[in-house]
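Take a look at these structures.
Next, two complexes with chain A in common: one pairs it with chain B, the other with chain C.
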Partner chain A sequence: MSGIPLGAEIEVANLGLSLFSEAVRQQGRPAVQVDWRIPAAGDPGAVAALTRLYGRHSRSIDRANAEVARRLDEGSPKLVAIRPAAEVVPGADAKTILHCGPPIGWADMADPLKRSVRAAVMAEGWAGNPGEAERLVAGGGVRLEPANHHDAVVPMASAIGPTAPMLVVEDEAAGTRAFSSINQGPGEVPWFGRETPAAVERLVFLREVCGPLFAECLRGSGPIDIFSLASQGLQMGDDLHMRTQATTNLLIRSLLPHLLQLESPRKVDLGRFLASNHLFFLNLAMAGAKALTLWAEQVPGSSVVTTMSRNGTTYGIKLAGNDTWFITGSPPVAKAIYYADLGPEDGAGDIGDSAVLELCGLGGCATAASPAVAAFVGGTMDDAVALTRDMARVCVSASTRFKLPALQFRGTPVAVDVRKVVELGITPKVNTGILHARDGSGQVGAGVAEAPIACFRDALLELDRRLSG
Partner chain B sequence: MLRRVRVFPDKFVDSVLQMAATRAMLELDEVEWAAAAMATPANAGILAGKGFGEGDLGGASANDLFLAVVGTEESVDKAMAAGEARLFSSPGGEGGAGEAPQPRSLGEALELQPGTNVAIISVPGDYAALEAHKALSAGIHVLLFSDNVSLEAEIELKDRAAEVGRLVMGPGAGTAMLGGTGLGFANVVKPGRVGVVAAAGTGAQEAMSLLDRWGAGVSHVIGLGGRDLSERVNGRMARLAVGAMREDPATEAILLVSKPPSERVAREVVDLSGGTPMVASLVGLETELDLPEGVAVVPTLEEGVVRTMQALGLAVPDLAEGLAEGVAEAIAGLGPDRTLLRGLFSGGTLCYESLVILSPILGPVWSNTPLDGRFRVPAPDGAHVCLDLGEEEYTKGRPHPMIDPEARIEWLREAGEDPALAVVLIDVVLGYGAHADPAGELAPVCAEIMARGGPRVVAYVLGTEQDPQGYQRQRATLKEAGCTLAPTNARATLAAAAIALRRPELVGEKFGR
Partner chain C sequence: MSGIPLGAEIEVANLGLSLFSEAVRQQGRPAVQVDWRIPAAGDPGAVAALTRLYGRHSRSIDRANAEVARRLDEGSPKLVAIRPAAEVVPGADAKTILHCGPPIGWADMADPLKRSVRAAVMAEGWAGNPGEAERLVAGGGVRLEPANHHDAVVPMASAIGPTAPMLVVEDEAAGTRAFSSINQGPGEVPWFGRETPAAVERLVFLREVCGPLFAECLRGSGPIDIFSLASQGLQMGDDLHMRTQATTNLLIRSLLPHLLQLESPRKVDLGRFLASNHLFFLNLAMAGAKALTLWAEQVPGSSVVTTMSRNGTTYGIKLAGNDTWFITGSPPVAKAIYYADLGPEDGAGDIGDSAVLELCGLGGCATAASPAVAAFVGGTMDDAVALTRDMARVCVSASTRFKLPALQFRGTPVAVDVRKVVELGITPKVNTGILHARDGSGQVGAGVAEAPIACFRDALLELDRRLSG
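What follows is the complex of A and B.
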């Protein structure tokens, strides 16, 4: 038996000469014309790898990808506690500073990240001024570790010392536990690459006031379902990366009764901090996303990206089921709006672990939900929708919880497939802030960063070698 | 002379549209040179050769389209406008505002049209295997028109096709019909009892058209690609196709069409007929095969259809009827020095069938696709010649003669000037994909040649009454122009030989008895 059915009525997809689809339509049968482009910009090595990965390996990859996408979509992480880093983060000891991005030595760190590390060192009390901090770190007196190696993610140029309070997020069903720092808020803050006394003071405030009081509120409220809040916030105009204002408000609303019950006189300071920090929810969303990717990355043989991270110097990704970093230079933020008198020459390379959000259907994937973010991608909602559509082109599935009103409540795209990225030359778009490249003056603008294609190509070729033998 | 370039970033159009736009620009007065093409390194080199500067393309690359013109100040703007109009006003071009964007990949197309069960792929050969594999992964049949797909890639595709139970028709396959719908270059035929399995594009069209016109009808046409019956490819798709036809309830007889195959492979494939009557037109196969019951092997397309009709108990029309008289008339007006034949074909298999028929009658016939490598063009004076004008060497930078008769008109005019030619033999292929009125374009030139006392023109119209061009309408146009018309390509070939040799009785010749 050949098992090949011949009788079915024909519906055609046509790639190439359009006269063929016209001929089918003239016979009264449907034909869709593909607006075809040369794949992988014609790179023969990538085309050969894609031929195998979409060909004989497609069945196993598609199956693995479906499971990865399911985990990214269905995981349900909750904020359960706030504890000092050295007490809860696996492998982070009393001399460890956790930093954003792929692994990097002190000498190669970007200027904003160096400043942030020195601020953390000062906040720990290990140095009294930036010069002392510099000498301690350059002399190997602290252990610099990528947060990602310790189940943690930190935004922008964050550097986290052992006493810093960490958000502890658990997905009970998945059995994963992930961490992020508490968002440092606006102004003179280390995560924006500042190391002024006020910046150091902010870290102390988080440790002494915000962390313990927030922890107390949380004990009152019980675990907080992160993506339940996020899905509501998305309907209210958040992309959950560049804008988390609505979700932050929802969080404050849930905490409010417990805030009022606090006995500490510093509860007003906490209230003031929460009221002024519209990105407070960002780190919760990131920790939640990391809990999802920790579950998803346990699936072997997938072509889905489960780590995407930058440190201002390098840009790195990992695929599910493979602990290898694929690393390339961190590019400047392509589509950006700068503060007055500042421009691209002032911007540091793309930085932070927050791109984990884009792997889980938020940030760039959710741009169509956010009028506020639209301003950064061209100004109209059409531009925002186009960006989400671009992400959909390189993702495996659509979210069942993050729904886009502007796209007839279609779900945001979830699970970035490295095959599609390389084939179409469309890399993930990450909604992000931009820091000053040199002078430690903090944020200079915001925009949409495009991930560099090189690390995706490397990951694709390695996956092909791994599967094809 | 002014040089002007305009780049359309991230815009890909197919080669037919590129050529149409190039022609639209060249047609204007005072345009010296023009091109609409993708900014590949090769095309950038051509621009440099035409005196354009290095920066004119502004960093454009393979997925960017450009228009380039060399001409007078008045002409370049007009040419740009004409090129743009041709590129962007055609169907299949840019959608209107507010429409959902066109799918950019096969995957997106499948989301848009989930019932898709066939992918027609005609992208450049370097990328064709990738797209075909994606189609197989999605569980849909592939008609792979693209050329320049490696043998290894073809074998891997066909092995996977067997695994997933789908067809990979090609590479280099231009014709198929599944579920009653013609795919690629196909004629509109009545549903019927014969399944055609073809490793030869116009061979498939000749078979399906004759089966339609003679009343048997066609169940399905499965293309294989020209290399399928070779030793290396080992009939991978032919085996699947014959199996599928055998199991298909609508198919009562199978007609296999190929240029000379590996004899071993052909023998193994016909062995799979499993009792279903099967005829193999193995055009040009010289040796006899030891055949199973119910299987016949014949050397021409015409004979293949005749034998299939007979296997089904159907009557075959008299193919020579009136033809000898037509030939006699044509001979009557010829000067004694006109003794040579020239075939100007748009269909490759038709050209090949003619070579097979003519060689025993005329002796050596020179060709770009000769039966014997010694007779490859350029031909010496005094030689018979048959050209397949659809081959690559004649289609570089211009459309296939089936799509646009312009190139063949030039060849016809040249033949008209040759004092030694007795007869020019042409095929006129109808159906989807073919020109809207090929006879209308060719007939005036034929009439002009014959009116001036030049060679006679014998024409064969390949098509059906249901084809968009209309079989009878196309024949009538050529008839009116004074052409001699035949009912099959084989008869047209015999009629042409009969005119060259002044032997009208040749038109009754039989094949493969």
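What follows is the complex of A and C.
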């Protein structure tokens, strides 16, 4: 067609691949491009399920989804205490290690998670070195439990022993209580898959210094409204997943009078740790998000995802109203920037419970809020906006508290609908770090992970069986 | 013309008023609108001067302006100390009060500035109540000096006595040293035109507690790179004038280990003050900007504005390479949002030295960075972007350090060219607070002030006389 000018009156509406409409536009004529794809990539089983789930089940599902979305949007969790895991987390008793992601046995754990578990075992004093820790765990001397089975979420390769200080988050109106660990900060740290003496020392510091002193500040300040701070931080460039710097600073500022009342000689160490940990708020946001999903998942008959989690080996989701895991392999992080001399072949599979944020309007959903995260998705704010728009296509509603300046203060997308994910073939985008796959050297990069479609398809088919059966 | 459809082939380029091109567009045909205005609103004297300044003088002016802009963009001032004014500010001796704005006698001072001067007199212990302070100052017992004549800048209605702690800022490469007061925070404070006992007490607190303890932290941290913090804060929603919250938080976070090393029993009071003062960084940014303009103003033969300042009664500017003030009346703040039950009739004239920020790429120039400031200029980010674009039309260059996410990370406009201001009739926009004109109740609102054109016209004519000799 090239070289032949189009007549002045030609107007075009093009469905599907955009090549044709682009060619028309290049010749100076208007063309409407309709982004139409074959639903569920033409998969007959999925198409049949979608026909029923968008058809005769749509009214009941839409009603359930609206309630799930309301809970994810309106829940108001507060940080109320910091206490050792064994004292507060249900079922986290003496010899339990809580780990990220779906259930998994020791043999199948990814390298960075194994290292993190061994570091936790050493920090608990159950072993003196990685070899001893390995023997103890491989011999069944430790109970390995997904944090998600205990109302808790932990980021990246975190593994949490019974003495680890936990953030206790309550949503009084919802009646839910959720937990996360304290963020371990940068450097040689187990949540990045390290098990060096310095990494173990960081866990001891969190237990002996950071946890107790942060708890003392919290008693002075009273409960902290997590998403009130997060909504301010989102106006200041945080997506609240890959970047939580603004919100961390807001937290530090609000705690400042209480920090200055501490009398412990270790308070300066706490100050240095807080001043150098841009991701301190990440775990608060995650615990808050978990409190929301614990409330939302009580709604039956919904197609909204209320658990989404990875352990570096497997990727799992659950729908509201159903305790079944839908699990598939954990893929590498799709769009990523690696540190110098490192690349995709060095990266472990996508890992961590932090994807709970993407279910609640943060992280990938809030990329348009963050100039810093834009660097990881193409470099411009338009790229960041495009990622948020992608999430909006598979979500039920828009946040009433997380507002995007770059989108005329529209709310971030909230509540991922498995029907839309499978129909459009658009899976949630998760802003995340990447760990070394093998050598225990820690973080190798960061980027935007794409959830694998298989577990969403399985969840869709099971929902159809459950409702149609 | 309405009702008669335009033919399909009509295309329009329209100069001047946009009504015609809008009508064409409404009928569905393309129209190019050229924003053309009569230069200098047709003022013959200004047009003649512009003809010479854009004509035979343009090469020397452009060269000088490029150097001025380079200095405003590249200077790197650091906060190096906090010391009492009398010890560090040149010429600020025992009985001197430094005030905002161009030179002005006591009788002509605006009401909020008079109150602030009386509060400073009381804080110095020279008077026990406002009446005594009034008699002392009116009787000539105090020397009133513009802060700008002493390499210092102070925001809003600030008035500074010899014992007031001053931020000492140095740009080592430039060889300049500039000063500002410590920001007085919210509430009953003299910089908002209050002179209550609580307002006087705030000045005493700054002198006795905040100044010495902040100085102690600074000795621990070492010099603070002001515009390194500011450039980060600008990515986090600060314009660095009306809003400095993100940058204040960055400063607090970086000082945290040193704050936690303080042993004074008053450290908790400092913590409360810092935690509640979103504008703490404002004065640091201003002192930094003054260090830049002190360097830039050494360049002769430039048409760039290097002083811009108001005292509530008069509005004054200076050009680089010329120590002459060009002064006119201080107008009310043009676009403003007032507190409930208050309005334009309650507002004092535009006031404060903070407009130095708008000369260096911050404040009005950086409005596109700030969702919070957008609320004061129309409500959307598009409104905020429009204000920054307006500033770009009268500036020489773009910042290499203050990058705007909303404008594809382009730099903020830097270096206001008096030729462009007069030619286009676009004066600098200054993001600012508004004080009560009469009753001493403090801040009544905030908004965007437009500089008055008269002083720019006078500066232009004098530049023409000077160069055309």
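We take it that the second predicted complex is superposed on the first by the 434 of 469 C-alpha atoms of A that agree within 3 Å, B and C clash if a C-alpha of one lies under 4 Å from a C-alpha of the other, contacts with A are read in each partner's own complex, and residues count from 1 in each chain.
One rule holds for everything that comes next: a residue touches a chain if its C-beta (ideal position, glycine included) is under 8 Å from a C-beta of that chain, and two chains touch if they have at least 3 such contacts.
Treat the numbers as computed from the prediction; the structure is a model and nothing was measured.
Contacts of A:Asn14 after superposition on the shared chain: chain B is touched, whereas chain C is not. In the superposition on chain A, contact of A:Arg393 is made with chain B only, not with chain C.
By the touch criterion defined above, A:Leu250 lies against chain C but remains apart from chain B after alignment on the C-alpha atoms of chain A.
Greater residue coverage of chain A by touch, when chain B is weighed against chain C, goes to B.
By the touch criterion defined above, A:Ser58 lies against chain B but remains apart from chain C after alignment on the C-alpha atoms of chain A. Of the two partner chains placed by superposition, only chain B is touched by A:Gln27; chain C is not.
Once chain A of one complex is fitted onto chain A of the other, the partner contacts of A:Leu50 are limited to chain B, with no touch recorded for chain C.
In the overlay built on the shared chain, the residue A:Val430 is in contact with neither chain B nor chain C. When the shared chain is aligned, chain B comes close enough to touch A:Trp36, but chain C does not.
Note: residues 8 of chain A belong to the chain B contact set and to the chain C contact set alike, using the contact criterion stated above.
Within the complex formed with chain A, the residues of chain B that make contact are 10, 12, 14-17, 61-63, 90-92, 101-110, 112-113, 115-124, 126-127, 129-131, 133-137, 140, 145-146, 153, 156, 160, 165-167, 178-184, 186, 188, 219-220, 222, 240, 243-250, 403, 432-433, 468. For chain C in complex with chain A, the residues that touch the partner chain are 8, 235-237, 245-246, 248-250, 252-254, 256-262, 267-268, 270-272, 274-275, 371-372, 374, 380-381, 405-406, 408-409.
If you check the complex, the residues on chain A that touch chain B are 1-24, 26-27, 29-30, 32-39, 41-42, 44, 47, 50-51, 54-56, 58-59, 62, 389, 393, 420, 423-424.
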